[in-house]
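Read from first to last, the chains carry the letters A, B, C and D; within each, the first residue is number 1.
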Amino acid sequence: MDLINSADLDDDKLHEECGVFGVWNVADAAAITALGLHALQHRGQEATGIVTHDGLRFHAHKGLGLVGDNYSDAKVMAGLQGARAIGHNRYATTGATLLRNVQPLFAEFAFGGFAVGHNGNLTNAYTLKRALTRRGCLFQSTTDSEVFVHLIAISLYATVIDRLIDALKQVEGAYSLVALTDHMLIGCRDPLGVRPLILGRTIGADGVDPGWVLASETCALDMVGAEFVRDVEPGEIVAIDSTGVRSYKPFAVQKSRFCVFEYIYFARPDSVMEGTSVYTARKLIGTELAKESPTDADIVVPVPDSGVPAAMGYAEASGLPFELGIIRNHYVGRTFIEPTDQIRHLGVRLKHSANRAIIEGRRVILVDDSIVRGTTSSKIVEMVRAAGAREVHMRISSPPTTHSCFYGIDTPERSKLLAAHNDVAAMAKLIGVDSLAFISIDGLYRALGRRGREEGAPAFCDACFTGDYPIPLSDTQGDDSRQLSLLSELN
Amino acid sequence: MDLINSADLDDDKLHEECGVFGVWNVADAAAITALGLHALQHRGQEATGIVTHDGLRFHAHKGLGLVGDNYSDAKVMAGLQGARAIGHNRYATTGATLLRNVQPLFAEFAFGGFAVGHNGNLTNAYTLKRALTRRGCLFQSTTDSEVFVHLIAISLYATVIDRLIDALKQVEGAYSLVALTDHMLIGCRDPLGVRPLILGRTIGADGVDPGWVLASETCALDMVGAEFVRDVEPGEIVAIDSTGVRSYKPFAVQKSRFCVFEYIYFARPDSVMEGTSVYTARKLIGTELAKESPTDADIVVPVPDSGVPAAMGYAEASGLPFELGIIRNHYVGRTFIEPTDQIRHLGVRLKHSANRAIIEGRRVILVDDSIVRGTTSSKIVEMVRAAGAREVHMRISSPPTTHSCFYGIDTPERSKLLAAHNDVAAMAKLIGVDSLAFISIDGLYRALGRRGREEGAPAFCDACFTGDYPIPLSDTQGDDSRQLSLLSELN
Amino acid sequence: MDLINSADLDDDKLHEECGVFGVWNVADAAAITALGLHALQHRGQEATGIVTHDGLRFHAHKGLGLVGDNYSDAKVMAGLQGARAIGHNRYATTGATLLRNVQPLFAEFAFGGFAVGHNGNLTNAYTLKRALTRRGCLFQSTTDSEVFVHLIAISLYATVIDRLIDALKQVEGAYSLVALTDHMLIGCRDPLGVRPLILGRTIGADGVDPGWVLASETCALDMVGAEFVRDVEPGEIVAIDSTGVRSYKPFAVQKSRFCVFEYIYFARPDSVMEGTSVYTARKLIGTELAKESPTDADIVVPVPDSGVPAAMGYAEASGLPFELGIIRNHYVGRTFIEPTDQIRHLGVRLKHSANRAIIEGRRVILVDDSIVRGTTSSKIVEMVRAAGAREVHMRISSPPTTHSCFYGIDTPERSKLLAAHNDVAAMAKLIGVDSLAFISIDGLYRALGRRGREEGAPAFCDACFTGDYPIPLSDTQGDDSRQLSLLSELN
Amino acid sequence: MDLINSADLDDDKLHEECGVFGVWNVADAAAITALGLHALQHRGQEATGIVTHDGLRFHAHKGLGLVGDNYSDAKVMAGLQGARAIGHNRYATTGATLLRNVQPLFAEFAFGGFAVGHNGNLTNAYTLKRALTRRGCLFQSTTDSEVFVHLIAISLYATVIDRLIDALKQVEGAYSLVALTDHMLIGCRDPLGVRPLILGRTIGADGVDPGWVLASETCALDMVGAEFVRDVEPGEIVAIDSTGVRSYKPFAVQKSRFCVFEYIYFARPDSVMEGTSVYTARKLIGTELAKESPTDADIVVPVPDSGVPAAMGYAEASGLPFELGIIRNHYVGRTFIEPTDQIRHLGVRLKHSANRAIIEGRRVILVDDSIVRGTTSSKIVEMVRAAGAREVHMRISSPPTTHSCFYGIDTPERSKLLAAHNDVAAMAKLIGVDSLAFISIDGLYRALGRRGREEGAPAFCDACFTGDYPIPLSDTQGDDSRQLSLLSELN
C-alpha cells in the first residue's frame, strides 16, 4: 500500500506556479500581505514567504504549506514589522521544496537590501547561470529567479532601477515581479505581459499619503479592501515610494500576449483581467462551445469545481438542465493511501463522487476546462458510467493542449500530453466517451471578444494550443535537467 | 493579533458530530474503512479512529485531524491487519480533542474485546455515569458513548447481544452504533431512528462468503464499490458473522423520527436517505421556497457550497438566472490570523468572496440553507452590498432554527440562536437584507413528499424548528457542565 | 544500516522503573514537583506526569521524554495550578510507551477524584485484573498500577484511607505510592519496604502551616530546599492535610527487606537511604572488594559513571593509583546509527572511549558495579585492550546477578543473565579478562554495616543475587505475556 | 515563569565553536563521519552537517541538534552516498541557529562543487565581506566562513589549490578547514596553528589504497578505528586524492601559537594534542596548582565534569582525600523552567547537587578549570555552604580570564569577564570563598613542559589570559554587530 500525494488525486490540471503581492505604506503590512496571499492561494500551495521593511531593517518568514498555516503564529506575525511588504506563493515544480528555494529571495547589495518575488519562468536561466558561475557568482537556490538577483548585484549601473533594467534586458521569459528595497516597492511585467500584475490603492498607514498594493489578481484587492487602479502594463516598471508611483518603460512597445489559460482555468473566477471578468469569460466560452458542438442529451454536468461556469453557459445555450451530477470532496488531506491492487478497480474517487440519483439512466454531457494527460477524465467517465449514465458526451472549454508551457505554468513534458499524439476521435476512445469536442481556437478568441485568432498578431499567448511560442526558448526547449544543482540536499 | 480557528471562519452552521463505518470479511479492511471514512469526512473532521480484528487480535489507530492525514502512513496501515474493521469520524464539541476521547472506544470484557463507534448523543448519560461511578466504574473518557461500554461490561446477561440489548434499554438518546467483537460486526439504531445507518454488501475477502458494510450514508458505499442493501431499521440490531446477517428488534415498534436536517444540510448531496436523494430533496426545497416566497430580482446567488442545490431549485422555479455571485475559497488552513482592529472593518472574507462583476448593480436573491447565530449571514450580506448589489433578498431553505439539538448535532445554546429571540422582520433588519424568508415547516414536509407536518405524528425529528423533542432530555436539558470531568487534562 | 536506541548503547544495567514525588501546601507546587522529578530523573526517563489540585479541581499533564523537556512550556506550567501536586517518572518496560500508561493515573470516584503514582511492581496484578474484569471493571492502561485504582473504586468502605487499606490488603508486590485526593496527600510503602519513600518538610504556601514533601530519594528534597524528616516506614500510610501528618499502620509488623541494589546502583550517590549515604556505601563496597579480591596491577580504572565511587574505594584500599582511563560521552542522543557490518568490528564506543595515553602498557583493574548480560563488559574490555592494556582485571561491586527482579526493576529474563548460567571462571573467559571477581554477599552486607547476611532474616531484599524472593510471585513467575492487552494500539 | 536554555544552566564556560572531520576512500563514509562527529560533539552541539561525494555527485544533510539525533534516520543515511565525506559540528554563537548557517557550506564553482567546514574565526571577515558585496557577491549565510567560498570563487587562479591559497592569503584569523571537491579532500590550518587539525589513516574502501581521515582531535580517530599519522602543521595545506597526500606550505614559517585553552578545557581528555595527553596535562596543572597555592583543608572536591583531572592532581600533590562532593545531573533537557521569584532562592541546582554526607562539617577545596563571569561559581559555593561546609577554598586550573577570544571561542564581551575588572581578592569576596587562587601563567607553561612563558616568543596563544593577540583584529576588535545581516529572518 503506497502513498499518493493528494495533488495527484484526480488532478489532471496545469498549475499556475506562483502568485505575488506587495504593499507600500499600509498599516499591518504583513497581515494585509498574508490576506492578499490567501486570496492568491490557488496560484501556489506548496510554500509561501513574506519580507517586510520597517524603515530600518528587513524581516522575513518563509515556510512550506498554506498561507493560513504559516501566518497564524502570533510570534511570526509580531516579527514581521513595518508598513511595507512583499509576499509570494509557490507551486513547487521540482520534487523537494527546499526552504531555500522559497521566495521572496533576499540579497544584500553594496547599496542595501533587496527582496524579490517572481511569477513566471525564465527561458535563458541556465545559460545565464552558467555564465554567472564562471564569473564567480555563487547560487544559493535552484530557482531561475535567482538569476535576476545576481544580474542586479553585478550591474555597473548606480541606481536600483537602472540595475533592474540592466538585468531585465538580459533575461528572456515571462515574469511578473514584486520587489522591495530600503526605499521603494517595485513591480514589473515582461515586455509581452504574459503573466498578470495589477496596481491597487488603499488607505495609507499614516492617513495622509495613499497606500499602494501590487497583486497578481484583482481578487486580492477585494480581499484587503483596496481599490483597483490599473493593470501594470507589459514591459512596465512601477516604482512606488513616498513621492508616489513612477513608471518606467525601458522596452520597445510590442503587442501584448497575455496568457489565455488565465481565463480558462488559472485565475480565480471573481478576478477581472485586462477588463474582463474571468467568470463571465468562462460562461461565454461554454456558450460558444454549445454553439460549436451541440449534442442530444438529458443533462449538462460540470466536472467540479473548475468546469462549473462553462457548464452553466453550455446548459443555458443548449436549453438542457444543469445538474450537479458529480460531487467534489474538499476534505482531502495532503496525502492518502493508494488503494492496493485488490481495490484499485474501485477507481480513485477521493476527490470526486458521482451523484447516482441524478446520473442513472440519463444521457450526460460532462463539461470540463481541459484535458492534459487524460488520466482523470477517463476515471471520471468510468465513474459516471458506473453510476448508470446511458451516454456520456464530453465537452472541453479549451482547445486541445498539444504543447508544454515554458512561461511559468507547470506542464507535463510534451510526450505526456494526450492531445500531442492523438486526434479527437482517438482521445474520445481512450477516455471512453460517446462523443468528445473541444472549443476551437477561433471560438475561444470569439468568446473573449475578438473576431478570432489573427495569425501573426494574436491577442494572447496560446502556445500550449498552437505551439506558437512568443518568447525564445534559449535553454534548449527548457530541458529541466540542465538546471539541477550538483548537490543533492536532503533537507 | 490573535488567531481564529478556521472552523469559526464565516461558519455559522450546525455540525453533525460523527460518522461511522464498519466492514466484515473484506480484503484490506483498514484501507476500505479509511476510504469509507473519507467519504464521511463531512460528518466529523477533528479526529478519526479505526479498530480492526485479524481473527486473533484487535489493532487500533486513533489520531486528530483528517482521515487522509491519519491513514497515509504505511506503517500505520500495516499495523491495522485483518478483514474486519470499524471506524469513526469525530467532530469534537468540547474544547480540547483529547486522544482518549477519540472513537472507536475499546474495552476488554471478561469474554473478550469490544470496540464501538457512536453517532448520536445520549440524553441521560450524566445520570447513568453518576450511578455507574457510584458502583465503582471508572470512566476513561469524557464522552457520553463510554456509558454504553460500562453498561455492557456490568450486564448480568451472558451473550454480547443480550448485554447490548440490556444496555440499550437503559440509555435514552439518539444513536447509530457500529461495534466489533472477537466474533461479529454489529450495527444498531435507536428506536426512533434519528441518526442514519445503512447496510451494504460487497465481494468477500475469501471470494466465497459475501463481505458486509455498515455506514452512516450511501456515499460511503459508492466510495468503496459496495452495493446498497437496505437501511438498518429504527430500533434494529444487525449482527454479522460468517453465518450472515441476523436481525434483532428488541424494542416495541414506534413511528420513526428521522432527523430532517440530514436532508437540509448534514448529509452529502450524493447520498440517498430512506429512499430519497439528498440532492433532489434540496432542489425541491428550493422549488417550494420559490413558490412560498417569490420576489422581484435579477439573479439568484447561492451561498456556497451548501446553498447551491436549493438555489438551483429556486432559480428554476422563479425563472431567474442562477449565478455564482459568491466564490468559496477552499484553501483555508486550520488557523488564520485575526485581523487587527485597523483592518477588521474589511470583514472576514477568508472563505467567501463576492464576484463583483456579477453582483454590481444587480438585485440579488441569496439562498442559504440555515441561519444559526446570524453572524456569517450579516457578513455575507455586507460583502455583497460592498460589491455593489442594489438589493439583497435572503431565502433560507429551512424553517427558523429556534431550538438546540440534543441528539448528536453540535448546536449553540438556545440563547445564541438568532431565531429563538427574533421574528423574521427583526432578523431581516439584523442581517441587513431588504427581505428575508424561510421555508415553512409544512413546505419543508411537502418538499420531502409529505402532505405537511402531521401534528402528533410527524415523519421527522424537527425539534430544532419546533421544540417537539421526541426523546426525553433527562440530564436537565443537556446541561453540558454536568458531564465535565474533575480533571483538566493538558494533553 | 539500522538504528539502535541509545538506551541500549553500552548499557548493560538494571534500571529502576519509577520515581515518585508529592507536595502539600507548597507555593508553585507544579514547578517544585518538576524540580523534584528532575532530581529523580535517573529513576525513569521515558515519560513523566504531574497532577495538581487547586482546592477545587485537578489539573494534569503527561508526556513522553525527560522532565525538563515536558515542563519547560509556560502554557503547560500555567495550567498546573494549585499548592498540591504529585508527580511520576517512568522507565517503560514494554515496547511502546503509550501516553495512557503514563502516571499519575487519575480516576473519578463517587466521592471525588483520585490520582496515584506508583514505584514498584505488583506480583498478583494479572490475577487481580482477571477477577476485576469478570466483575465488569474496564481497564484503560496496561500497567499493573491500575489495579490499585479499581480496587479502591469498588471497595465497600467509606473513606479513602479505608478503601486504600482494603486495596493494599489484596495486592502482593512492592510499592511506594503517592496519591492525591480532593482533601489530602497520601504516601505509602509495602509491608517489606522494598522500594524507598521519604518524608520532608518545607515552608508552607501560606507561610503559616508547614509544607510537606514525599519523594523516592533525599536528593529530591535537596533539590527543592526541603528538610528531611524521616523515611516512610514499611507498611505505613501517611495522610497529609491541613491538620498535619497522620500515620496508619494496617499491617502486622515484619522485618523490612529494603532493596540492596538501591545502594549498589539505582539511587543517586548524594541520596541518603535508611540513614546511610549511598556514595559512602559504594566506596565502602569498593574497599571491601579490594580486601576480598586484590590483584597485582598498575592502575584502578572505573567504568564511568556508576563504577567511580567503588573504584575510588578499591584504589584507596589497594594503594594503587585511581585513573580516569575510560571517558564517558554524555552527548548521546536518543537514537544512533548502528554501524554496518563493515565497521561493526570497531565496537560500539558511542558512550565510552579508552584514554589511550593512560591505558597503554599498563596492567589495569576495571571496577564496575554489576554484570547483567555481559555484553557491555566484553566490549569495554576489548576497547581497553585495543588501547594497549597489558593486563585487564575486572572487579564487580555486587555479587553475581543470578535472578530476575519482579519488584519494580527492569531485568532481562533469567536466561539472559550471564551469571545465571556461568561460574566466575567461565564469565571471565567470555568477557575476556585476565581475572574477574565479584564482591561476596557477606562482603556486601559487611560494607553496609551488617555482620554478613543472616540466613532467614536478611536485612535486605537480595533476590537478584540469592533467589530468595520475600514476596510471593503469584502471577506464575511474572510471565509478562499474561498482562498484555487484547488490543495492539498504534499510538 | 520563564524558560531558561539549559546551555545557560550552571554553565559559565568558554565554548569551542566547532569541530571538523573528513574522510577519503572509506567505506560508509557518511556513517564513519557521523561517528567521528559524535566523538567531537563537545566542540559544538547546536547543529551538524555532512557532505558526501559518490564519485559523481555531492549529497548533503544539515540539521539542528546533536549528531546522534541527526544521523539516526535511515533515509538520511541512505541518501549520503559515497566513500568521501566531510562533516562539521557547530556551536552557534548568535541567537538563532539558521539552517543556512549550518556547515559544511557548499558552492558550485565553474569547475565543480566545493564543500567546506571551518573551525575558527576570521578577524577581517567583515572588511572582506563589505568589499566582496561591493563587487556583486551575494552572501547566503551570516557566517564568517562564507568569505572563504567567495574568495575562492572569484580567484583568478586556475586550480582549486591555487585558488584556496589565494583566498587564505587574504584572510586573517584562526582556521582549521576541511574541504571536499569533485576530486580531492583538503585540510588546512592557519599559519599560527591556533586551532587543531590532525591526519589519520585507516583501511581504504577498496582494500588497496589507504583511507584517510582529517579531524579536530585524536579522540575521533579512536572512535572510527583509524591510526594517528601526524598533526597537520600550522600553515600547511594537505590535499588527499587517489595518489596519496600532498602537502603545500604557502606561508613563511612562523613560531606556532596553539590555543592553550584546548589543554585546559576544550579538548576531550582522551585526546592527544601536539604529542601531549590532554588528561595528563590537566592532572599536571592540578599538581602545579597545589604547589603554588596549597591550603589547610579536609577534602579536595572537583566541580564536575571538567574539574576532575585537575582536582585529582591537586589532591595527589597535596595529600588530601579526593572526594566526589558535587554530583552532576546529566539528564538536563534542552530547556527547563526558570524558578519563580518565590523559589529562586533555592539556587539553580539543575546540573549540580552537593553531596551533603561528604560536605557537611568539612573544609573543602573546590577545584574548577576557569572562572568566566563567576555566576556559576558563586552558586556552587553557596550550594556547598548550604550543605554544611565549614570552609570553602577555590582553586582554578587556569590563570584569570581577562580578555575575550576572537579566534573561534565563544567568549562573553570583556566587560562581563569577572577577572577583567576585579583582582583575586575582590573575586574571592564576590564568589564567597574563604580563599581563591588561580594557577600562574608561568605555572601553566611549566605544567605543559615549558620553563615558563617566554615573553616575545610564547609557545601558545594565551590571549585570553594575557591580552597578547597574535593575529590582528582588523574588524575593529571583533565588533559583532558589524557582521549582522540587514535581514532578520524568522526561520
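The rule is short, and it goes like this: a residue touches a chain if its C-beta (ideal position, glycine included) is under 8 Å from a C-beta of that chain, and two chains touch if they have at least 3 such contacts.
Everything numeric here is computed off the predicted structure, so don't read it as measured data.
Following the contact convention of this document, no chain is adjacent to both chain C and chain D.
The minimum number of touch steps separating chain B from chain D is 2. Look at the CA centroids: the one farthest from the centroid of chain B belongs to D. Centre-to-centre separation between chain A and chain C, using Cα means, comes to 61 Å. Distance between chain A and chain D, defined via averaged C-alpha coordinates, is recorded as 50 Å.
For the pair chain A and chain B, the distance between mean C-alpha positions equals 36 Å. Across the assembly, chain A contributes no residue in contact with two or more other chains.
Under the contact rule stated at the top, the pairs of chains that touch are A-B, A-D, B-C, C-D. On chain C, the positions that touch chain B within their shared complex are 51, 57-63, 76, 79-80, 99-100, 106-110, 112-113, 130, 133-140, 149-150, 153-155, 485-491.
Residues 1-3, 6, 27-28, 31-32, 34-35, 38-39, 41-42, 45, 65-69, 71-72, 74, 77-78, 219, 222-225, 268-270, 272, 277, 279-280, 305, 308-309, 312, 322, 324, 327, 329-337, 339-340, 342-343, 345-346, 349-350, 353-358, 387 of chain A touch chain B in their complex.
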